[in-house]
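Below are structures written as C-alpha cells.
Look at the two complexes coming up: chain A is in both, with chain B in one and chain C in the other.
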Partner chain A sequence: MSKFQRIEVLRFAPIFTMVLFLAPVCAGLIGTWLPAVGIFPALGGEEFSLAGWHELFAYPGLGSALRLTLTCGLLSTVLSLVLVIGFVASCNERKSFRALRRFITPLLAVPHVAIAIGLAFLIAPSGWFVRLFSPWATGWTTPPDIASVQDPYGFALTAGLVVKELPFLFLMTLAAVHQTHADRRLAIARSLGYGPVTAWIKTVLPAIYPQIRLPVYAVLAFSLSVVDMAMILAPTTPPPLAVLVLRWFNDPDLSMRFVAAACASLQFGIVAAAIGGWRLLEILVARLARPWLIDGRRGGGGDTLASIFGFTATMVCGLGALSILGMALWSFTRRWRYPDVLPSAISLDSWMRQGGSILQAGLNTLSIGLASAAIATILVVACLENERRQSVQTTTRGLWLLYAPLLVPQIGFLFGTQVLAVQLNIDGTWWALVWTHLLFVLPYVFLSLSDSYRNLDERYVRSALCLGASPNRTFWRVKVPMLLRPILYAMAIGFAVSVAQYLPTLFAGGGRYVTLTTEAVSLAAGANRRVVGVFALLQATLPMIAFGLAIGIPALLYRHRRGLRGIA
Partner chain B sequence: MMRTIYTRIRQIFIGLACLIVVASAAQSQALAQTQSQNPTWDETLAAARGQNVYWNAWGGDERINAYIAWVGKRVWDEYGISLNHVKLADTADAVSRVLAEKAAGRTSGGSIDLIWINGENFAAMKENGLLHGPFTEQLPSFAAVDFEHKPSTRVDFTVPVEGLEAPWGMAKINFIYDSARVKTTPRSVPDFLTWAEANPGRFTYPTPPDFIGSTFLKQVLIELTEDRDELQKPFVSEERFTAVTAPLWEYLDNLHPHLWRKGELFPANGPAQRQLLDDGEVDIHISFYPSEASSLIATDLLPGSARVFVLEEGTIGNTHFVAIPFNASGKEAAMVVANFLMSPEAQAEKQNESVWGDDTVLAMAKLSNEDRRRFDDLPRGAATLPPEELGATLLEPHPAWMTRIEAEWQKRYSR
Partner chain C sequence: MNQSSGQGRTQGRLALRNVTLGIGGRPLIAPLDLEVTGGEIVTLMGPSGSGKSSILAFVCGTLDPIFDTAGKIFINEQDMTNLPPERRRAGILFQDDLLFPHLSVGENLAFGLPQRITCRQERQERIGQALIEADLEGFERRDPATLSGGQRARVALMRTLLSEPRALLLDEPFSKLDVHLRERVRRFVFDHARSEGLPTLLVTHDPEDAAAAGEKVLEVKPAMVDNFAAPITPQKNHEMSTNDRAEVGIIKKSITVTR
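For the complex of A and B:
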C-alpha cells in the first residue's frame, strides 16, 4: 500500500512543480499586461486604452534605450558563446584548460552585483587600472575625463555580462561534452587525422549545441533584461530598457505605471523576438556550415587559436577575480584616494560597524538560499525519478515551460506576482520569498542535474532490481550515492542563484527580508565602496562555501571508491 | 485555461475596485472617529508597546542607517517597540508597495508602518489617499517644532502638510569642494557657467529625477526667473511653462558641454557624486545637509581639506518628514517613533556631525534650558559654516513645476 502511494505521489511531481511554478509567472504576466492596456482599477484605469503605449513611444530616449539594450544583450551573448566554444575547442587538450576550469567555478558563484561593482572600480577613469600607471606614466594628476564606465555604447555593461556569463556557459558546455561522449568522437576524428580544433568543431559542436541551446537562450534573455548590473555599469541618459521600466514603476507620478507596464511588455516582446531571431540564425548557420562540415578538410594544429582563446578566456576570468579582489581591499580601507595604488589607511571599521546588519542579512540569505535550493533539488529529483519510472521522456515543451521564468524578463512579471502574493496574503513572508526564489532556482537546478541523472547507466538500477531490491531501495541505495556529487553540485548552483536574486527579493520580500544582495545594491546607490565591499565580498563567499561543500562532501565520503569519483 | 484565468483576474480586479471604494469610504469615516475621540497620548503609548514598526527609509548612506539603528535601540528600551529599518534604494519603492496593497484591497495590516518622505512622493500619496492621519497634533514633541522660522515644516514643496507627516529634519543646498585643489568658487548660478568654462569637466550634478539633481535645476530656475512668486503656484498654461523655463534650458545648453563627461553622463545620485569628488573626478559636490561636509570628513569619506560654499542669493531649503500609510499595522507604535524622532534627544543626536549632521526642525526658543544645551554642546567641524554665513533659504517651487521640468529634462538631455 505504502509503495503504491509513494508512486502516486511521485506521479504528481511534474504537475505539482509546473503549477507551483507557472501560476506566479502567468499571474505576473497578466498583472503586467492588463495595466499596459490601461486596466488597473486601483489607479482608476477601468477601460481599454493605449495611452501608456503612446506615451512610451513618445519618450525621446526610447530609441537609444532600445539600441543600448540590443547591442549589450546580443553582443555579450555572442561574445560569451564564441569565447566558450573557441576556448573549449582549442584548449581542451591543454594544461591551461584544467587550470582555468578550477578557477571558473568560484566565479560562477559570485553574484552579478558584486562583479559589476568591482568591475566599475577596476575600469573607471579613477579606477585601479589607471591608478597603476598614474601619474608617473600617464601624467594624469587628476583622473582623465573619459567615460570608461557607463559609456554610451554600453561596453562596460557588455564586459560585465561576459565576465558573468562565460563561466555559466562554460560549465553548461562541459556538462554537455560529458553526456555526448565527446572524448570518443574526438578520438575517432583525431585518429582520422583531423586537427584538434577542427575535430572538435566538426564532430562535437553539432552534438552538444542542442544541449546548450536553452542555456544560451537563458543567457540571451538575461542580458537583454538585466537590471542590477545595468544600474551600475550602463549609462543613465537613457539607461537600457529594463532600467527604464524599473524607473517608471517607481515614479512618484503613479500614472507612469501604465507606461512602465507598456515598456515591460515591450521588453517581453524584444526578448521573444531575440530568441526567435537567434533560432533562425541557428538554422541558417547550420545550413551554411553543412558543406564545410563534410568537406573532409583536416585543419591545422590550432596553436594560434589556442593561444588567442586561452589568453582571452584567462583575461575575462582575471577581470572577474580582480573585481572581487578590489572590493575585498576596499572593505578594509579607511582612505584610498586617486592616484594611490593601494589604500593609504586601512581599518576594520566597515566590518565592525556593519556587524548587526551582516548577521541579519547573512542569516536571511542563508535560510532562503538553503530552503529554495533544497526544495528545488527535491522537486527536480522527484520529476526526474518519475520520468525514469514511467519511462516517459519529458517533452521539449515541458522543458520550455520550466524555462519560462528564465526566458521572461523578470521586470516583466514581478509586479503582477507581487499583487498575487498580496492577494494570497503571503507577501513579505519568508515563504513568499522562498517561492519566488524557487522560480529562478529550479530551472538552474534542473539544468545542471537532469543530464547526469538521465545519463546514469540504467543497468545499475536494473541489476539492483533483479537482485530483489524495491524501486525505492534502489533509489536510495544505488542512485543517490552514485549521483550524490551532481545532486550536491546542483544544490550549490541553486543556492548561488538564490543568493544573487535582487528584484525578486525586493518584490516578494517587501523589503522586510534584507539579504546580502539587497544590502549590496541599496548601498551601491550610496556609493561608499568600503561598505559595498563588505557586502560584495560576503555575497561572493557564501556561494563559494556551498560549492566547496558540494565538491568536498562526496570526495570525503567516497575517498575509498575510485569509481565514484569520476561521476559528475 | 487562459480564458478562465483571464475572467477570474478580471473578476478579481472588479472586486478590488469595489473594495477600494468601500475601503476609502471606511477610511475617511475612521479618520473622523479618531479625530473626535483623540485618544490620550498614554493610551497610544500603551497600545504601541510590543508593536512592530517597519520603517521604510532610503538606505543608501550607512551613517544614516547607523542613526536609525540607534533610534531602534532607544525606542525598544523606552517604549518596547521593535523598529525594523527597511532599506530602500528609492522612496518611491515604498509608495509602490502601498499602492500594490491598495490594489489588492488590503486596508489594514499593511506591510509598511512608517515612511521617510517629502516632496513629490508625499504629494502623490496624499493625492491618492494613501496616508494615515492627520496625526501630528497628537504628538507631544510636535509643539516644539519651529513653524515660525521654518515654514517648510508646514508646507512641503508648497503642498500643505495638514498633519499627514511629521517633520524630521531640515535640508539646505550647499556645495562641497576640496580647498586643496580649488581656489575660487562660484557665488551665483551664472557664476557656475563661467567657472565650468574655466574648469572644463570638473563639475556635474546628479541625474534628475534624483532629488539633489532636481533641486539643482530648481536652484537655477529660481535664480534666473523674473517672477519667483509664479513658481509657488502650479503653472497656469503651457505657454507660461515654456516662457518661464526658457532661461533654464538656455543656461543648461550652455553649461552641459563644460561638465564632467561633457554632460552626456551624470552621476546616479548625491553619494555617487561625493565619490567622484573624493576620487578627484570632479571638484564640486552638491550637498543637502549643511554639516554634511564636516560629517564626511569625520567619517573619512572626504579629505580634511573639504570646505563648503553657498550662493549669494541664497539656496533652496526644505524639510524631510516621516508619514504613516493608511493601512499601517502598527499605527500607534509608528506615531510613538515619529514623536521620538522629533524629541530634543533624537534631534540633537541627529545634528551631531559625527553621527549624521542633519539640522533640527525644533525651535531653540521653545526648548527647556537643559534640552537647549544638548544642541549648544554639539561639536562643529572646520567645514561647517556658522548659521549666519549659510545664506538665505529659498522656497521650493510647486511640485507641478518640478515634475514637468524633470520630464522636460529627460526629453532634452536623455536621448
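For the complex of A and C:
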C-alpha cells in the first residue's frame, strides 16, 4: 500500500520542487518590476508612472556606478575563466595540479564575505602585505595614504571575485572533464603529436565548454550583481549598481523604493544583456577559432604557459588562504600594532566578549543552514529517484530552470519576493528565511548530487528487487547507504551555500534574523578587526566542519568496506 | 536449501508466452514461446545488442519502460506479467556479482533471506549454512570487496538462493571470471540450480556456457542493431540492411545436446 502511495507522491516531486522554487523568483521579478513602473499600492502607487526611472537617470553617480559594475563584473569573470582554462590546460598532467586541486575544494566552502573581509585586511594600507615590507623596504612608519581597498577602479572587488570564482569554475571544469572522458581525447591528440596545451584547447575545451556554460553565466551574473563583497571591497561614492539598489530599498524615505525598483530592473537588464552578449561572443569565438582548430599546428611543450598559469592560480588560492589566516589571527589578537608582522599579544577576549551575539547569530545560521540543506537534499533525492523510476531525463531546459535563481541577480527579485512573503503573512519568519535560502541552496545540491545518483549501477537496485525487497526497502537499505557519501556531501554544499547568503537573509528575515554573515558584513564597516575576525572565521569554519562531517561519517561507517571507496 | 516443500523440491515451471519486445516501434525480439521446467537450464545465445538480456529483464520485471512489450510470463502457472519485480521471486545473477558494498558478506546474505523468517537465530543458521555450502565457512563479517572473484560469485548465488526464488535467471554471470574459475563457478551454479529444481534461463554469448548447460539452446539474432548501446559502424549498417526483415528477431533453433 505504502509503496503505491509513495510512487504517486514521488511523481509530483519535480513539479512541487519547481513551483516551490520558481514561484518566488517569478513573483519576485514581477513584484520588483511593477513598482519600477509606479505600481505599488502599499505606498500609494496606483497607476503607471516612469517617475522612478526619471529619478534614477537623474542620479549623478549613475554613470560611475554602471562603469564600476561592468568593469568588475566582466573583468573578474573573464579573468577567472581564462585562469581556470589556462591552468587546467597547461598543468593537468603536472604534480602541482593534484596538490592545488586538494587545496581548492575547501576554499570553495569559504563564504565570499569571509574572503572579502580577509582580503581587505591583506591589501589595506595597514594590512599584512604592507606590514611585511614596512618600514624596512618601503620606509612607511605609518600606514600609507592610498586607497588599496575600496579603490575607485574596483580592483579590490575584482580580485575578491576572482579568488571566490576560481575554485567554483575550477571544480565545474574538472567535473566536465571527467564526464566527457577528456583523457581519451587528450591521449589521441597527444599521440598525433600535439603539445599538451594545444591538445587540450583543441580537443577538450570544445567538448567541455557546453558543460561549463551555465556555471560561467552564473559567475557572470553573480559578479555583475554582487552586494555583500562589494559593500566591503568596492568604493562607496558611488558604489556598484547593486549596492545602490540595496541602499535605496533601505532608504527611510519610502518613495525611494520606486527608484530602487527601477534600478533593480536595470540591474536585471544588465545581467540579461551581459549573458546574451557573452553568448554571441561564444559563437563568434567558436567560428573564428575553427580554422585554427584544424590548421594542424601542434603547439609546443607549454612549459612557459604552465609556469605562468600554475603560478597565478597558486597565488590566487594563496590569497584566499592568507585571507582566512589573517582573520583567524585577528580574532585571537589582543595587540597587533602597525607595522608588526604578527600580533604582540594573543587572547581570547574578542571571542569571550562576543559570546552572546556569536551564540545568537551562530544558532540562526546553523538552524537555517541545516533546514534548507536538508529540505533541498530531500527534494533533490525525490526528483532524482522519480527520474530513475519514470526513466525520464532532465532536459537542458530543465537545467536552465534549475539555474534560474543563480542567473537572475538576487537584488533584481528579492524585494518582490519579500512583497510576496508579506502577502502570505510569513514575512520575517524563520520559514520565509529557509524558503528563500532554498532557492539558492537547491541548485547547488542538485548539481552536486545528480551525477553520483544517476551513475549508481541500476543493477544493484534490480538485484535487490529480484531478491524480494520492495522499492521502499531497496531505496533505504541499498541506495541511501551506497550513496551516503555523495548525499552528505551535497548536503554540506547546501549548508555552505546557505551560510554564505547575505541578501536573502536581509530581505526575507526583515532584519529580525541575524546570521554570522549579516553580522560580519555590518561589522566590516567598523574598525574593530578583532570582532570582524571572530565572525569571519566562524563563518568560514562552519561549512568546513560540515564538509569534514560529510567526508568523515561515511569514512567511519564504511571503514571496513573497501568496495564503497570507488563510489562518489 | 531447505525449502517449504522439503526434499521433494518444487518442480517449478517458467513459461514465456508470445513475448515480443521492441523499442521505438522497431521489433527487437519476435514472438517467443518458451517453457523451462524445474531443474532444466535453457540457454539463449546471441551477440550483444540482440536483446537477450532484455528478455531476462522482462521476466524479472525490471525492463526499462521505454521498451514496448507484449506477451505473458508465467511462473508455476501464475501470471507474473503485471507483478512488481519484488513479488515475482525470479532470482537473477548478472555479469558482476553486485554484492552490496556497504554490507558485509553475512549482511548481504541476510538481505536475500525472506522477511518472514524472523527468528534471529534461524536467520544466522541459514546464512551460516549457505556459507558452508559455498565453501566460505565463517566469512559472515568479511567485506565483500576483500573476496576473490570466484568467492564473490558464490556468495552472489547464495544470496539469490536464500531469497527462495521460483526461477533462476542468469545474465552472462560467468563472462567476467577468469577462464579457470569460469568452469568451477559454472558447475557450482548449475549444480545448485538443478538440485533446487529451479527452472533456469541462461543468457550468454559464450558457446562453452551453452555446452556446459547441455540442454536446450536457442539462438537470438539481432533484430536491430542497438543504436543506444554503441555507435553503428558503416560496415555493421550494411550487414543490417542486407538482412531480411522477416528473418530478424529470434530464431528458434532447438539443439538438444546430450547431457
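Everything below uses one rule, namely that the second predicted complex is superposed on the first by the 519 of 568 C-alpha atoms of A that agree within 3 Å, B and C clash if a C-alpha of one lies under 4 Å from a C-alpha of the other, contacts with A are read in each partner's own complex, and residues count from 1 in each chain.
The rule is short, and it goes like this: contacts are C-beta pairs under 8 Å (C-beta built on N, C-alpha and C of every residue); 3 or more make two chains touch, one makes a residue touch a chain.
Since we're looking at a predicted model, the values are computed, not measured.
When both complexes are overlaid on chain A, the residue A:Tyr194 reaches neither chain B nor chain C.
Contacts of A:Glu46 after superposition: chain B is touched, whereas chain C is not reached. Once chain A of one complex is fitted onto chain A of the other, the partner contacts of A:Pro238 are limited to chain B, with no touch recorded for chain C.
In the superposed model, A:Arg561 makes contact with chain C only, not with chain B.
When both complexes are overlaid on chain A, the residue A:Asp457 reaches chain C alone and has no touch with chain B. Overlap of the chain B and chain C contact sets on chain A: empty, with no shared residue.
By the touch criterion stated above, chain A contacts chain C in their complex at residues 3, 390-391, 457, 459-471, 474, 477-478, 481-482, 484, 558, 560-564, 567.
By the touch rule above, chain B contacts chain A in their complex via residues 5-6, 9, 12-14, 16-17, 20, 54, 56, 59-62, 65-66, 69, 84, 86-90, 92-97, 99-106, 111-112, 120-121, 123-124, 128, 181, 200-201, 207, 209, 260-262, 264-266, 268-269, 271-272, 274-276, 278-281, 300-301, 303, 403, 410-415. Contacts from chain C toward chain A in the complex involve residues 57, 60-62, 64-66, 84-92, 94, 96, 98-104, 111-112, 114-115, 143-146, 159-160, 163, 165, 169. Here chain A touches chain B in the complex through residues 26-27, 30-31, 34, 39-43, 46, 59-61, 63-64, 124-126, 142-143, 145, 147, 150, 152, 231, 235-238, 249-254, 257, 334-335, 337-338, 345, 353-354, 356-357, 415, 418-419, 422-423, 425, 427-428, 506, 510-512, 514, 518-519, 521-523, 525-529, 531, going by the rule given at the top.
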